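Okay, got some structures for you below.
One chain, subunit A, links the two complexes that follow: it is found with subunit B in the first and with subunit C in the second.
Moving on, here comes the complex of A and B:
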């Protein structure tokens, strides 16, 4: 085995003058010349993800955001168990009631329980946001990685296509798609997925381009690894931090866009209701029944706020260099 | 492969002939090259089995590009790279794969050459991942770690937990795991502390003897190259200007550039250093996008003559085993 040169310490000098190990008054002891000791690492092994989690945990705002994001997600999944009402059953004798013990958020113009409607609205809004983000991440990461890896003219053409699509205002594009596909949950998701991947593709391409020229990619290449494997093993995993941050920060956008589309009547179709639809319905009468607008609007604002907290925290944790 | 000069005992392991690698740095709108960087511009050298060839030169002279082109990380523009009887230059990536096991590389920057998301075991065994079961890979990684003086406690750690010297040894372990005949060391020590440099160089030497490796050692640190190499090639602006055995090249340099380079070497003894006349070159290295006519070194050469700008000096044998490319002498040193 290889042994580096290192100064030897006179053992005679050690025995008398140096206190025994374990003496609490002594902070430092000579290390000696044991080679195995020289190479030892005392710090606990920590992966990138453990390290990021450690950083995220220290950020109170991000942690709060994360907790509430989970809470809203749980409400979306289990919310219907919290209520005895059907979101669509009308009680025409009990229309436009204020908040009370039986109807926590009151009722709407058809006597439907508003709390139940909001819980279902959160469910629809989050389904739209999550599913469309999953699809746009999948498309964007694949497209961006392929473009960056192939490079040259292919990259040029692929990115010009993105530029052209980005040149069309996304709202115009969304409206056109929904008109073609017809309104409804799935066409909204499809429309968001088809517009949302553009930014993701650009970011992933930029990230992969910079990773592509790092020496560990060359090293892997020198080992005979095929480009496809390199993309999966080296490029995408190293871009994952950016991808996660971008995906998290794109969710508020999707929720907001869905609310907006629903508000102008291009969103979810009745009797299903997203938070946007609820706000839209309530806005006609909000001078008389402000609570009908308050609760769905509050839900939208809080969800967007907490996702932004979490996204910013994730950015600081996953990419400390980007920290403001 | 069916060449009449196929593998004989005396044949060199690697024979590079007229290797050219140009990079297009600027293209016109229609994609026609406008500016070409002549990183490697006709380089020939041989490496014999078991020896260490040192390649020295200033930053930007094309040393690294030579190494990367030989191992086919870059596509050569022309020239041949005959490795053990096979020309690697025209091979596709797939055809090249079997040779990757025999021809490996150690990279310059130990901080950039290890994937920060992979464990040491995964890094070391990446090249044989498809061939071994997980348990065997762990075994191999453990053996390799031991070979480079690290221990199995390190196997499941991540690169950022190691010092520069330790990381470079992980890089060496990764190359060794392929069981290569030849390793191209691309400035493996220039990013390390001086005390660690010696440690890594000594280890490379020891491994070379133990495993019978052939090394190409690319560096700009002359004393380190002198120490490790049996033969040395001096590069200037994409060309090799002089080659010779390590001892002879240092004792009797022929090319004016080599002389200047050697005179710039720090000498530990101040009396000797005072007696030594330092040759100071004028100006900077010309840009490899605009290579001077004739001899490339003429713009900075203290002995430049008229012929130097008109004719490119031939790279020829000026003494037994000594090659140099200079108009000045026909065999006689200046």
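Moving on, here comes the complex of A and C:
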């Protein structure tokens, strides 16, 4: 916040040097215009991203979320190095053990090390979430930008299609899609990508529409740039804030939907196991071995929580208009 | 008003048609015929007879026309794994308990959620707000089957307060109802909180207080009336989550409902039943959303502004 320096008046000095009343030439002195002063730049100029980072940095919750999101991602990538067990090797003499020094989270009904399985579960769940989000962002951004850039009747028809598809309950169609494609990692990713792009397309279109008529786009067109180049160089990069926020906030949704699908038997197929599969398997044995549900469920909740923190923080930082 | 209604109805019909078409295409893109299993058991001749009987040898557009005509008449086909049982009969038998549970869950979600949200907003930053935030976070980040399992363990098996299987007495409803609505309660309470906080800062609230109205009367007559509108607009999404949540909850608590049937159909790969129930659920959701949309434009003329896509 900028505050002008308030003039300091020394009361002691006032008695002696006080100008005589009725002498306007001394009372009112012209300020003059100091051109150098007017043009002076007080601080370094900040790019949009620096400004957003500054806002994000102040938000403790968002930073915590960001740190843990990175941590979970690192676990997903390097996790297998943390453990000396194979997630699928069964030790039938060591089934359903509680947490101990050798098996940190205990073992499951086949004697598999639960810590290792949770680590691999985080990996699978995050692969599903990240990859499907990348695909739905790609489809949504392309569709939304094309619709906004072409405008007119084409835009109208393209958006009516989105409206109609938005009316279709997506979770039900996920079930149908996966029944058709057969359960498995790639069909889940494909199904999420196919149902997840609609919201993205709508938001990106709105964003691009508002950017399309700005002066910098006009300038670029005046210079003879093709619309396709303008879209790629100016419109999409300027909508990136919205895109990042939506992508971050869509990840918890994907993890939740994957857990739901696992529970009704349409999740990732063995030998791979996502967190959802681990949790739904463990809910069968929960009465006798509650710890088997505790760890995967905790991992799901924490991942969703931290992505929500980060997403909300990013929304406030990147797109203050969207703040509720 | 009339134009608005016509527009909503037209787009609803289009959505229903799209849903029906997508379902048809998806089901016909499954490799092999639905009677492959019969082929394994009884040989190719029986399979050919079955395919003839159900018209699977007709050209695709004829099948599509017949399918749409059947849908318009409300005929959803037959079950593959339970021969002789029509999908309509199964749905008619299992829908009532599901509808009862679902409607109660929605009522519970909104009453509890709004109550929690208002309490949190009025006590912003205080203990009550923090406790509400904690439970809302828990509700939003935990899958409902985890809650259901936990409730069965704690209240059903350990404390023996409530029965956990079926829906024979009112006490049977308690645990499934809470497990089904806990996520939506959390969602609705967060939404109510931010909406109430928005309204509380408006000028007309200050005016009402300045006129000398009591806090209570301002809260109920001025704040709530305005704050509740954005909350009610999520009725559509809440309907959807409650419905899909019911699949899991019904199968955990062994409730003989439609959601349980769907989960069974999925695990038996009963394609025609999956298709029939997906269609039924989608139609309910889409028609529910249509009614809700029309109601909004009646209740609050301002809402039409949000619906236009500009």
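Just so it is clear, the second predicted complex is superposed on the first by the 282 of 324 C-alpha atoms of A that agree within 3 Å, B and C clash if a C-alpha of one lies under 4 Å from a C-alpha of the other, contacts with A are read in each partner's own complex, and residues count from 1 in each chain.
Keep in mind that, in the parts below, a contact is a pair of C-beta atoms (placed from the backbone, for glycine too) under 8 Å apart; a residue touches a chain by one contact, two chains touch by 3 or more.
These numbers were taken from a predicted model, which means no experiment stands behind them.
*Asks:* For A:216, is the partner it touches subunit B (first), subunit C (second), both, or none of the two (neither)?
*Replies:* Only subunit B; A:216 stays clear of subunit C.
*Asks:* Please name the chain, subunit B or subunit C, that touches the greater number of residues in subunit A.
*Replies:* After superposition, C is the partner touching more of subunit A.
*Asks:* Under the stated touch criterion, which partner chain does A:228 make contact with: subunit B (first), subunit C (second), both, or neither?
*Replies:* In the superposition, A:228 contacts neither subunit B nor subunit C.
*Asks:* Of the partners subunit B and subunit C, which touch A:48 in the superposed model: first, second, both, neither?
*Replies:* Once the two structures are laid over each other on A, A:48 reaches subunit B alone.
*Asks:* Let me test your reading of the model: by the given contact rule, A:40 touches which partner, first (subunit B), second (subunit C), both or neither?
*Replies:* After superposing on A, A:40 lies in contact with subunit B but is clear of subunit C.
*Asks:* After lining up the shared chain so the two structures overlap, which partner does A:58 touch, if you call subunit B first and subunit C second: first, second, both or neither?
*Replies:* neither
*Asks:* Looking at the complex, which residues from subunit A come into contact with subunit C?
*Replies:* Residue positions touching the partner: 159-160, 163-165, 167-169, 171-173, 175-177, 179-180, 252, 256, 259-260, 263-266, 276, 279-280, 283, 286-287, 290, 293, 297, 300-302, 304-305, 308, 324.
*Asks:* If we count contacts the way the header does, which residues on subunit C are in touch with subunit A in the complex?
*Replies:* The touching residues are 11-12, 14-15, 18-19, 22-23, 26-27, 29-30, 137-138, 140-143, 145-146, 148-150, 152-153, 157, 194, 198, 240, 243-244, 247-248, 251-252, 262-263, 266-267, 269, 271, 274-275, 278, 281-282, 285-286, 289, 309.
*Asks:* Taking the complex as given, what residues does subunit B use to touch subunit A?
*Replies:* Subunit B reaches subunit A through residues 31, 68, 71, 73, 93, 96-97, 100-101, 104-105, 107-109, 112-118, 126-127, 146, 148-151, 153-154, 156-158, 161-162, 166, 171, 174, 178, 198-199, 202-203, 206.
*Asks:* Within their complex, state which residues of subunit A touch subunit B.
*Replies:* Against subunit B, subunit A makes touches at 1-5, 35-36, 39-41, 43, 45-48, 153, 214-216, 218-226, 233-234, 237-238.
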